[in-house]
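Just so it is clear, A, B and C label the chains in written order, and each chain counts residues from 1 on its own.
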């Protein structure tokens, strides 16, 4: 196994990780500030991908498609927050789970109603297609490199938003003490709608960006949502830093496990068995990682101690 | 002098820069009521948590009946003989008064792993629960839903649940809180007799009750015990007056 | 309370009545539909032991449903293909006997519940929900990658497994087996809720700190509840597989976990008969709305939203409240 392959796979893992971060960031913000567990977050991922695919289909412009994904997902998020979610902040987690599960049903089946059951495809923009040569002579797809850059930029942007802006102060205040921010005269319901829309927009962006690598179809959001849950369980709920570290860990474990575990098993057993056993174990690797973190630190790497 | 039932030895607990318990050493001897008083934020709750097992101290030990229980969790300490009441009633509000008391009896019996047979049909447990409820004056409310009880009745139920445990020592966190003067007087008379069954570590704000009941008083200020002594000694201590009693008028 | 007991009996009598009517009117499809409702009810009654009694919002109960299904699938597959099932040095022929399959399903799902419970009960609240959901997905992907037993396509079992003295291929007899098991589990659930264990568990849900201070461990109480709950849902999974004569990874899917919670809530959480009412309602909606439009999930979602936002306590809650008001 060559060094080039290993570096390629590490980059793939990073790319997967930062896309998971786009999902996990919104989830963890929404949980940290509003105390809401949102199963419907995967729906915004799907909505973003479909919006992008539809706009790209009409205009042919990838940039317009991305903008559409952001806007439509943010609007969907704001609307959902105002109609349903804000009635759930005071409810227990069970109600939140049910209501957001209901939203998944509505979004998924509604999208199937509008777009049909066949997957749509988004093309990589011409300017970003093809490989680039990295130092050391590694050929790597430019588009995937761009995804890593976008993910890192979002991380930086969120850090700036939370640490350096007025809204960030309100968000941090809200995480500590909900009554205090009301006492400060901040319009709390507008703040919540804003945070929810922001989270939805990030999920929609992720959906559109990943939609060019995979196909755009109903049900694409939930597997990613569950992985994002794993990321924030590992990182600690409510922590952006934790979400990022968790996402990178999950991205790398998932990608590298799929490649290296079968290889590792070939040392011990025949290739066919190794391939099968390695693939099975690789599919479980991130959950094993999560279990280990849970044994070691039940509230995650960066979560508040219980 | 008889060996103490409960003793703490240099309990220290820090939360960041705040030292909530600063080398607290105190003991409770057989048959006595040892009151802990102190202004708000003095670290009384932190002390109770460390004694009962909800918090691990950074330093120091807790001994119960001569056994070092510092490493034991809350449930194990309860089985070893700690009977605790809560400042804010911690009761199963959806359940009946009797069911709450039965829970204590069930814990005392150590046999919760019975999946058939009605809990309320267990004659031994039920007799113990009803007896303890009668002692605190709740005999007429066995089947009332706990959520429908008045504040005072909930305080009584708190005490009854602790009684069902037949503990070797009671740890009572402000049992008088929110009771009217009638209720306080009644509970004071009750605790006065209760000390014969098991000694009481009483954390209390109600000074009348403390001065009426306590054999000894420890004064906690900023996480430190600044004085321990009889009621008379505490009343006459200049340091206590300055640090605490003076503020209360 | 009395009103609720009559409601319990009425619901069970209604289920039995529909099946008997369908038997007389020779409507095997209706019997199958009713059987489906009974099996889903059994799974949901299992979940309700964790959810209603223990307050554990498990979004991973499909794990146990799926394990029950695969217990049936794998045991029957080895008989069907005349290949021995080798577990280490042990080699067995598999089985097509329902009682053997049930016990295997219960053992497997209990074991899985013990493992998942030990890990996930270290946390609570939102963590618990996310972790159980994640473990469900782990089993789902594992089943997909396990090509020995059909991978993504699943396993078809051509002949329904047998029960001594009965012909399980006759829909009404298979219904009878499932219905009897449901009644048995409801009876056990009722006893459990009133038992000393139930008393302690009930308190552990409401005030765990109180349970600790009487010397009991809320963790262990909830763990045992989770294992019992998983075992019942596992049994339901084995029956479900036998109903369809087919198992596939979708039995492990997060949608199924979500639907099981929906069944419980639709009927009324914490009530004995709630999950049964929920399951009947769900199957009826699926059949009626599904007959009108392919997109019936949209309407299910809307109904669910209305119930969550406006009708806590579910259908049984609504009914028994009205009855109490009448009397």
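Convention: a contact is a pair of C-beta atoms (placed from the backbone, for glycine too) under 8 Å apart; a residue touches a chain by one contact, two chains touch by 3 or more.
Just so we're clear, the structure is a prediction, and the values are computed from it rather than from any experiment.
Chain centres here are C-alpha means, and the one lying farthest from chain C is B.
Every chain gets a centre from its CA atoms, and the centre nearest the mean of all protein CA atoms is that of C.
For this pair, chain B with chain C, the centres built from the Cα atoms lie 44 Å apart. With centres taken as mean Cα positions, chain B sits 49 Å from chain A. Averaging C-alpha coordinates per chain places the centre of chain A 31 Å away from that of chain C.
Touching chain A in their complex are the following residues of chain C: 51, 57, 59, 119-120, 122-123, 125-127, 129-131, 133-135, 137-138, 141-142, 144-148, 254, 258, 261-262, 265, 269, 295-298, 300-302, 304-305, 307-309, 312. Across the complex, chain B meets chain C through its residues 52-54, 73-76, 78-79, 82, 84, 86, 90-95, 99-100, 102-104, 106-108, 110-120, 122, 125, 161, 164-165.
The residues of chain C lying in touch with chain B in their complex are 191-192, 194-200, 202-203, 206-207, 209-217, 221, 224.
Only residues 31, 37, 39, 84, 87, 91, 93-95, 97-99, 101-106, 108-110, 112-113, 222-223, 226, 229-230, 232-233, 237, 276, 279-280, 283-284, 287, 290-291, 294-295, 298-300, 306 of chain A touch chain C when the two sit together in their complex.
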